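You will see subunit A twice below: alongside subunit B first, and alongside subunit C after that.
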Partner chain A sequence: MTNSLEAPTIPITVDFSGGLEMLFDNQRRYAVSLPATDANGKPANISFLIDHLCRTLMKDPRADLFVLDRHIRPGILVLINDADWELEGEEAYEIQPRDNILFVSTLHGG
Partner chain B sequence: MGENMGNQPRHSGATAAADLVHDGCGRRLSDGEFDRYSRQMIVPGMGKEGQLRLINSRLLIIGAGGLGCPAGQYIAGAGVGTIGIVDSDVVETSNLHRQVGHATARIGMKKVDSLITHLRGLNPLPTYIPHPFHITSSNAADIISQYDLVMDCTDNPATRYLISDICVLLCKPLVSAASVQKSGQLIVLNCPPAPQGLVDGKYPPCYRCCFRKPPPAGSMISCGEAGIMGPVVGMMGVAQAGEAIKILASALHVPSQDSLERNLLQPTLLIYTYDLESAVGPYSFRALKMGGRKKNCFACGENSTLTLSGIKAGSPNYEQFCSVPTSSCKLPPEERITAAAYHEARERGEIPEHILIDTREKEHFSFGSIEGAVNVPFGKFLMRAAVLKRDGGSGSDILPTKPANVDAPIFVVCRRGLDSQEAVEKLKELGVDNGGRRKVIDIMGGMKAWKEEVDPTFPFI
Partner chain C sequence: MAPTLCAVCKTERALIKRPKNHAKLCKGCFISIFEDEVHHTITSSQLFFPGEKVAIGASGGKDSTVLASVLKTLNERHGYGLDLVLLSIDEGIKGYRDDSLETVKRNALQYDMPLKVVGYDELYGWTMDQVVETIGKKGNCTYCGVFRRQALDRGAKMLGIQHVVTGHNADDVAETVLMNLLRGDLARLSRSTSIVTGDSQSEVKRSKPLKYCYEKEIVLYAHHKKLDYFSTECIYSPEAFRGSARGLIKQLERVRPTAILDIVRSGEDMARLVPGESSSSCACKGQKAVAAVPAEDDMGGCGSTSGRTPGDEMAAMDKQLRENEAHEGLEIDIAKAVSEKTDGTEKQKGLPIRSANGASKGAPRQVLGKCKRCGYMSSQDICQACMLLEGLNKNRAQIQI
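On to the complex of A and B.
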């Protein structure tokens, strides 16, 4: 077993937009050192990142504005390096070093 | 299925436009047109041919607000021949900082009439068609079928899904934008239009392909609540006009294999964000790559059962899909009081010691409040309630003040009377009502009602 200090991490940036930054201390960009593997030793994917963000970065306790039933809530787009995550494999996409992950809430006003 | 295909009889104006495209140029430009459009006609790619396509096009703007006004100006200026505008609202003073197609002198006028007045002043040549009512499941297809291209400038998800579905079924391209507070979004959908059910190969997405499910009703904020910066929504409206002009001038709105082949481009969602606290940025435009048409899309996918007749008959139910909040209240009548009754009771000294919580945002509160009110913005309130629920602790910690009498009643007021009801429920959940000994009461209708019933001079925004 390696302890968490020695465990390898992946450096990425995470952006929040369209009002989601509200849930993350009104900060729109975070540099994140994501553990390279999850608790089961599987490579870190988007699911794991979402869980990690909820545990470590979210200042607002209203997690249901970000995740519902452990999935990203409807009305939030996830962009992996500026491409819709559906083009990249959604939650199963394995995070690569220097990836940019953007969470953006869809707007309806006009 | 036949009614959903693109081969249905097109409106005569649209047919004329399509024919013209194939004929090259059908007629000469008048001297007036030549003068007026010369600066855009000399732009490479536009030319006389592009201009004639614009003149022979019919475009529908749905929503004459913060997006529709700036969009309309450039659409009219560019010389799109027929411009329809849908909106049921009237012009209000609080619209004018962003809805630049209206005017102070036209407050109270129907927005469609006000905007057409403005556009006609800018360019009298186009034909302007007012549709001064809401777009609904029963009228949407009849209106949209008269046009070649639709611009979604509306302000709620239920209408956005409805418009997209109709555009899929009628084979119309849709230029969609949205904006709240300091952010904006723009995407071109269903362009070049392809018939419903065609999924082999690369076809353009519809609104549902990109945004499969609406956000939960409670998570959405409106311009009225969250505010909106004029230049942000204006930027999105102008960008919308730019996309619409490009599509019409290049005849990408005409459903044909040719235009599909010519335009196998990556669908793109443009997002714009800016920050009020910083003078030189960070502001950002980001162009995000979106997927194409989805095989299993509810509207345009291969097994879609969506039809025009179904929509007209009320299926799907868009309001339910987006669970538009209803104003039905769960609080019993003894936990509610009208603004007027609260005021009278105070005047008569019947409620000497009490806590009055105002849950509006601090910007709203800063313009005025009821004497003695303490501001606890609703978002912060919910956050504290969630923390107390998670970590335990005394429910009364959420209260802004601690009166000597622990059973002193609590009154809650908000902007229009919805958040205050939720706040009352949450306070009871946290046990702040001391098992029923302490009254927790909602002031019905919020500060809006206070202005109407008690103090007409109150600066309600």
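On to the complex of A and C.
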């Protein structure tokens, strides 16, 4: 049971691929307990998640390969439960328990 | 938010929003439409003939992996009768290519295709690691590019294959169009837009069946089909100029997704205005004229609607043949510019100048012949790769002294 003093969190999985895993300690999948609300008490959305990932999971100093001006870098695709985030409201999508969020870069060659 | 349904089957949940027309599709419909469009590009441009042996330039990256997968699927589905082979180049970059070659080896098993790997070391006596050791990181992409271009052709020749397909996508073509526009190099812009390059005189032709495919859709295709690909950045950081062009393209796509195919189309339209280059990107003077000009008129939204008729094309071809000689001087001589750089005195002003070609070299006509050194096809006495090698070998000698 959630302690009333502790901020409630949402359990989700976050995946990185297409070269982005390099920025996150070469790990593809993370189980994340995301605070249910942001600093202003608004429900956690993708924008908040990106910010959270940069603050807590990013091991690499090259944050600009993931975010530019606090937005996801153009050329990185975001899939929410396998669906293009453009179909789900992009940054404003409110995160639900057990969501899977995949960040996949199109920017890297082979 | 209630799930959006697929615009085609109207039953499954839409997972993809297509950049080129905003269509919302489910996974199954997306995969089949993606494949159908590549099939359309292949048939309308008459890229292949039955029984043709085709080498797929395979790096293990997303583009070539998707190309191999789609070609295998289409070859079986539509009975192209192609004999497909994977051809990989080992540039000799530790920690980069050796990893991706492992992916290609797995692909060879997954797609049941033979694999041939040719290395820079065996072809040129230099690995890219050694080149960078000698000349530094700056400008090493030029070497790698010139070497790779020839290496693919040579690898194909070793296999007795006359056609190499590469995974270049719409984003790559748009990027190249933009770069050539910014450099004012219309001759090269024209050639870069063509789906087929290399001509009947050269022994190996090149084509890009994914020319109209968005990089985004290639990545999504690989994701939804769970293809095994390798993604990394070359450890010798890429040219800054290309990187800027790429960044710009991606930012434009974010604001206006159709921009990428629009740039490709604009490039094709500009190519028609370049004297002698209208269809000579595939300078097959005559017999393969149809394949030379991408027949993109009815290209499900990805082609230009210029309304050209076969008659126009013949007239254009005729005109082009007459203009070819007159415009020979428009060819850009990259080897010359590069060789000036390798002399050590880095001349920024020594960029290719159209009129400088021929006149200064005493070789007024650009005729495809053979390199006097390696015997490989070249329009110069000495091919680009041999020019670069000469500079490298001089440096190596100096270092040894």
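Keep in mind that, in the parts below, the second predicted complex is superposed on the first by the 101 of 110 C-alpha atoms of A that agree within 3 Å, B and C clash if a C-alpha of one lies under 4 Å from a C-alpha of the other, contacts with A are read in each partner's own complex, and residues count from 1 in each chain.
As a convention for this text, a residue touches a chain if its C-beta (ideal position, glycine included) is under 8 Å from a C-beta of that chain, and two chains touch if they have at least 3 such contacts.
Owing to the predicted nature of the structure, the values given are computational and were not obtained by experimental measurement.
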Mind working out whether A:Gly19 is in touch with subunit B, subunit C, both or neither, as first, second, both or neither? both
Who does A:Pro74 touch here: subunit B (first), subunit C (second), both, or neither? both
Let me test your reading of the model: by the given contact rule, A:Pro11 touches which partner, first (subunit B), second (subunit C), both or neither? neither
Between subunit B (first) and subunit C (second), which does A:Thr106 come into contact with in this model arrangement: first, second, both, or neither? both
Pick one for A:Gly89: touches subunit B only (first), subunit C only (second), both, or neither. second
Quick one: is A:Pro61 in contact with subunit B, with subunit C, with both, or with neither? Answer first, second, both or neither. first
Please work out whether A:Arg28 is in contact with subunit B alone, subunit C alone, both, or neither, and reply first, second, both or neither. first
Which subunit A residues are contacted by subunit C in one complex and by subunit B in the other? 17-19, 22, 73-75, 77, 79, 82-84, 86-87, 102, 104-110
Residues on subunit B engaged by subunit A in the complex (per definition of touch): 63, 65-68, 153-157, 160, 177-181, 183-185, 210-216, 219-223, 226, 228, 233, 269, 271, 273, 275, 282, 286-291, 379, 382-383, 386-387, 390
Spell out the residues on subunit A that touch subunit C in their complex, using ranges where they run on. 17-19, 22, 73-75, 77, 79, 82-84, 86-89, 102, 104-110
Residue numbers on subunit A that touch subunit B, as the complex places them: 17-19, 22, 28, 60-62, 65, 68, 73-77, 79, 82-84, 86-87, 102, 104-110
Using the touch rule from the top, collect the residues of subunit C that touch subunit A in their complex. 1, 3-4, 13-17, 24, 27, 59-65, 100, 103, 171, 215-216, 218-220, 223-224, 229-234, 246-247, 250-251, 253-254
